[in-house]
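Next up: the structures, one after another.
There are two complexes below, and they share chain A, which is joined by chain B in the first and by chain C in the second.
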Partner chain A sequence: MKVLDIALKDMLRSFRSGFALVMMFVVPLLITGIIYSAFGGLGGDGGFDLPVTRVQVVNLDQPGPQFSFSFGQMLVGFLQDERLAELLQVTEAADEANARAAVDSQDAGVAVIIPPDFTTAALAPEGRASITLYQDPTLTLGPGIVKGIVSQFVDGFAGTRIASGVVADQLGQRGVAIDASLMQEVAMQYGAWAEALGRSRGEGAHPALDIQPPPSKTEPVSQGAGMMGPIMAGMVIFFAFFTGASTAETIIREDEVGTLARLFTTPTPRAVILGGKFAAGFITLIVQVVVLMLASAVIFRIRWGEPLSVALVALGLVVAAVGFGLFIMSFLKSTRQAGPVMGTVLTLSGMVGGLFTTGFQNLPAAYDTINLLTPHGWVLRGWKLVMAGGGVGDVLLPVLVTLGMGIIFFAVGALVFRRRFA
Partner chain B sequence: MHKNFGDVYAVQGVNFDVQAGEIFSLLGPNGAGKSTIISMLACLLEPTQGDALVMGHSILRDPMAVKAAIGVIPQDIALYEDLSARENLNFWGKMYGLRGAALRQRVDEVLGVIGLAERQKGRVGKFSGGMKRRLNIGIALLHKPQVIIMDEPTVGIDPQSRRNILDNVKELNQQGMTVLYTTHYMEEAQELSDNIAIMDQGKIIAHGAHDELVKIVGELDRIDLTINAEAGRVLERWQATEGVHQVSAENGQLTLLVDDSNVVLPRLFESASRAGVRITSVEIQEPNLEAVFLHLTGRALRD
Partner chain C sequence: MRVIDLALKDLLQIVRDRRSAFFLGVMPILFTFFFGLVFGSSAEGDPRLPVGFVIHDESDALSASSQTLLEASDAIRPVLLEGNDADSAAESVLSKVEGSVRDGDLAGAVIVPVGFGEQALAGEKPRLTVIVDQNTPAGQTASSAVQAAMTRLLGAVETARLSAEAFEAREGFESEAARRAYLDEALALASEAWLQPPLTVAVEQSGAAAEEGEEISPNVYTQSSPGMIVQFVVFGLNASAMVLVLERRSRTLQRLLTTPITRTQVIAGHVLAMFLVVFLQQALLVAFGQLAFGVDYMREPLAILLVMVTLALWVASLGLLIGAMSKSEDQVIMWALMAMFVFSALGGAWFPLDVTGKTFAAIGHLMPTAWAMDGFQNIVLRGLGLSSVLLPAGILLAYAVAFFALAVWRFKFE
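Moving on to the complex of A and B:
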């Protein structure tokens, strides 16, 4: 009962502290909210709305009379396809100078300048032509998208040239005469095929590939929510570890102000006193994690995953945060040391654990391995598995490792404190 | 009891009895070992050697029973400043094993005793120093202890608050509590105590009632003088002056134990004049505990 009295006393003091409340709840939601807002995710289904990029396209392509088509015009048509309307707002400029001027005045993000000999060079065996992308240097995402689309289209011409060459070679070996119209027909058919392939790849499909995700009981998450989830998870983990260290710091603070010694003069066993303080940490963290998860589910529409798996990962996080915080504080002598040490250790361990790069894709595999040197990395892995639809079996390993690390940290910290106050 | 911290012998063979219902003072300068003894009796420190019985319970073998029998008032205020007075008392009452209606009733009583009933819901952080001290004392009274231990409770406080604390000590004693009081103020020990143990450098150098202790210095008067020069210029002369038993110099003040201040004082003035030294202030005191300490240690009681 006294354990609970001490725990409730500490929790009352924590939840009365404006600073503690801000650090536990407001800051993690605020940081995530800023990132969420930066990607325009305040509307729709909670996913991301990428900003529309304004594009000025100048088609200077003038295929010779021997050509019945224009690759330049095909590219313009491709860019103006209604399926790209949510990403690109394409306007044909009168000339190159006007297009460049629009970018300079930030009326457009990118100017796509198709050279005069584009079609001719595309079909000539040794032909070379380059499309110029003139972009606003303050933008990265929109021009990147345009570059990707144009590159994909241009890559098709290499295929066209290869296809034409192969057809010419094969027919020549069989003694069939090849004329320009036949070559154009080959080029057109290949071009149409490449264009269709490009569109289907843009929709996530490929004629030669059938991608099947593992069976999942959860609905697939939207792309936006899929990105925000790990970001919020990183914030929950980081600030949970901060709370774990802060609650452990109260032991040092009470020692400094004399209330800990006074507690030791009461007929309350030291194990009960320290146990009460540990219990305060556990309960406070449970409240924090639950509130953050519920709040982020409502505000950012994050779907955390299957409840039992979520609860297990959260339990691992709580144990690890309490243990890690106790471990750090047990080696400090005063609250003056605690501030800078806590900040440094938590930031470094968070960085090593990968909490600040959750939004990045395709990081090196070695980085994933480094993350697992910390309990943070294991908790994050557990969260990611849960958000991807993982069940209890999938998260069991991360949860067990997290619990194990937390218990070891806790045991060492508790032992150091017990010796200190023996 | 003995207590050493490495090569530092904080308490060396201290041995004393405190009778039930009395006020017992440990009197000595800072560093004499008073707080170390208090810490051992409160079961915060284990003696290196020896034991103590508090209300019949050993501090080594039965510390929980000792803690239940004593109320400790620490020298520094030890309160939760972000809680209210009532919340503090509620919490500490639970630590002393009080619950439910008994706890509520006792908290009400203590709030009345310490005069904080009107401010019970106020945050302790906003209290004056005197109010905090009263609450600090009140916490130790919650479980109606048989023994109250007060460790230099009047250090650094204003005279009025000090007066209040001394009056509180007497009231508690009149209610039947045994009080163990540590101080380096002679007048407090003199006013409050039934028995006094004078400590210096970890040892008890004298022990008894006030009147018995004063007899150690006999009828010697104490004279405190300040001069306008270094003490060394008159120290040897005065030590050799007839009627002077002891001379000590500390922080620009000279303290002498003399047979009769009326007879010796003119000799001191004449001696100082010959040395070209001017006496700027004189204070004469009848035999008291400070004189006893000076006599036994050669040093003044206060730093």
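Moving on to the complex of A and C:
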């Protein structure tokens, strides 16, 4: 029972410390909560609520007297369409200088500058024109959206020109007479096709593309939840390892204040004392991981996966965190050393293990392999598999590796401590 | 002189603590370097997002055109994956591709089914399969770029059909093979024309540097370097706030009051030390950013100095407030951590606010850290000068005054 008494004392100390509670529960939820609010949580239905991009448009298009229409004016109307109002806040600028000045002064994110020869170039056989998007370099999403919308519009006219050019080239090469009515007919047919395509895309369906998400065995409750799962997993792992190290730090703290020496004077074997410390870390971590998982499931609607697989991965995490914490602390002599060393080792191993980049896509392929040099990377792999719907068979390898690593770290740490206090 | 003596004493105390060196210098450099390493290496060579491209039938007329049009995109690059027309093998390829997209190895994938070209050119409406996770920024970009490229491909098909119809109406094809050859030629001509379309969209970046023809190439560090400066100056103040708490607990503050030094001088001495620590930390990180990461802070030395000074004033006031509120070392670390996470994440130090939702972005811009990021980015990214940082610096100064007033109000000597 002495093991439990020692464990209980350490746990009481942990759960009575405001600082420990904040590090165990508040900070991981706070960080995930902030990211959740930034990318998924403030859109009402859990979807991402895109910011509106302020656009200044200046139409310099002068089609000439032979044209009764202006493609430039059509583009302005297209950008001002009420269906785009959720994405763009469009204002017509008096001239190019004013439009550019609005972007320079950050009153607008993008200026769309339609050149004077836009209509003429679109209709002349060899004409070329370019619409300029003048953008704030600190913005990424808004200008990308504007570019996509303007390109879609421009491609409609460019396609008409290309269609006319190809027909003229092919028929001309074969000696077929080309008249204006044929060209007009081709242009009208292509225009009608492009308009129908644009309408279809505007309604959210591409007529030739089946756009599918990559299949996951478990569907996330919402867009935000799908993105938040790996981020929360990264936070759970990082702060579980922090707790593991903090729990092991109590050995050094007790050594400093002399309570450990006093404990050694009692008929309590060293193995029991160390066992009590291990039990305290183990139970504290189980509480921490379970609370964080339940809280994140409720707050961020994260589906962690099939219960048995989740339990196995969580067990691997707890053992690895306790073992790793004891391993680090076994090499330190004072609590003054503990702060920076713990910070450095946990931060570095967290970085290498991929805990801080869970929300990022398309990282170098080699990084996935580097992640597996640390127990953190193996636990993360386990969580990712579970959240993708993996069963016990799928997570067995990462769980066995984390358990193995945890046991080895613990054994080495325990050996060093035993020698130190022999 | 008493104020300076007190500040020097604090500085000495902070510098002697190894933990301070870690949080003030090592951690921010490590984080900046790490994010640069990870994202920098992913941007090496071709920085466009990789999109898998599976052709099940290489003899398909549209295969080459679709690959050409995807290659022309400035946002994505096709990664040719092995396809197979045998049903079972096709399923295996599909499953592999889906796994790569799900795991983030590919931003998306385009699968061209057998007979796609034949059907499209015959006027039918075959469909391409695009696997993409539109819940991610990379997936959204890939989806948009694939749609644009594939719309051009369909435009090329429509062009080929129109041309063939026009020829047939006037001359007629001798055989089906002749018609097919005509269609293939039309398709190739149209695809080639799409590589240099007559109407284009060109992007120009604003800023004084762009106007002067000076190149400011946004690298992976133009966000992470100022971001980590802002984040770690907030956290770095825990060392200075700690000194205050230790002095209160050891009753040094009370003892100081028995000397001829005034209360105002004591507070001023501590604030001066905090200001110097934060300023020197910024100087170190700015120098590191300039020399190691190529972020051109020094293109406008006066402007950068103004941002650094006002940021240091605000952070010192925050440090004083934390020191005034905390009763123990643990509380100092806790409040400093909270301040770091809340101010840096909401203020755009972790990710640009323009990629976040509009409510978050609006709240974020109320943070002093958002104005500090604006100040830094006006210089390093927008290429602007001193006048551009006056507003951010003014707002930081106003925050500094407000926090200082709050800290003095809460300050207790015992």
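The criterion applied here is as follows: the second predicted complex is superposed on the first by the 245 of 422 C-alpha atoms of A that agree within 3 Å, B and C clash if a C-alpha of one lies under 4 Å from a C-alpha of the other, contacts with A are read in each partner's own complex, and residues count from 1 in each chain.
One rule holds for everything that comes next: a residue touches a chain if its C-beta (ideal position, glycine included) is under 8 Å from a C-beta of that chain, and two chains touch if they have at least 3 such contacts.
Keep in mind that what you see is a predicted model, and the values were worked out from it rather than measured.
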item: First (chain B), second (chain C), both or neither touched by A:Gly165; value: second
item: Chain B versus chain C as contact partner of A:Ile31, first or second or both or neither; value: second
item: First (chain B), second (chain C), both or neither touched by A:Pro267; value: first
item: Touching partner for A:Thr259 - first (chain B), second (chain C), both, neither; value: first
item: Partner, of chain C and chain B, that touches more residues belonging to chain A; value: C
item: Which superposed partner A:Leu12 touches (first chain B, second chain C, both, neither); value: first
item: Partner chain(s) touched by A:Thr369 [first = chain B, second = chain C, both, neither]; value: neither
item: Partner chain in contact with A:Ser68 - chain B first, chain C second, else both or neither; value: neither
item: Chain A positions touched by chain B in one structure and by chain C in the second; value: 17
item: Residue ranges of chain A in contact with chain C within the complex; value: 17-19, 22-23, 27, 30-31, 34-35, 37-43, 48-52, 100, 103-104, 109, 118, 121-122, 127-144, 147-148, 150-152, 154-155, 157-159, 161-163, 165-167, 169-171, 174, 176-177, 182, 186, 189-190, 193-194, 197, 201, 206-216, 223, 226-227, 336, 339-340, 343-344, 347-348, 351, 356-357, 360-365, 367-368, 384, 388
item: Chain B to chain A touching residues, read off their complex; value: 42-44, 64-65, 67-68, 70, 72, 74, 76-80, 82-83, 87, 91-92, 94-97, 139
item: Interfacial residue positions of chain C with respect to chain A in the complex; value: 18-19, 22-23, 26-27, 30-31, 34, 38-39, 41-42, 49-50, 98-99, 101-107, 120, 125-139, 141, 143-144, 146-148, 150-152, 154-156, 158-160, 162-163, 166-167, 170-171, 182, 185-186, 189-190, 193-194, 197-207, 210, 216, 218, 330-331, 333-334, 337-338, 341-342, 345-346, 351-352, 354-361, 377, 381-382
item: Of all residues in chain A, those that touch chain B in their complex; value: 1-2, 5, 9, 12-13, 16-17, 257-259, 261-269
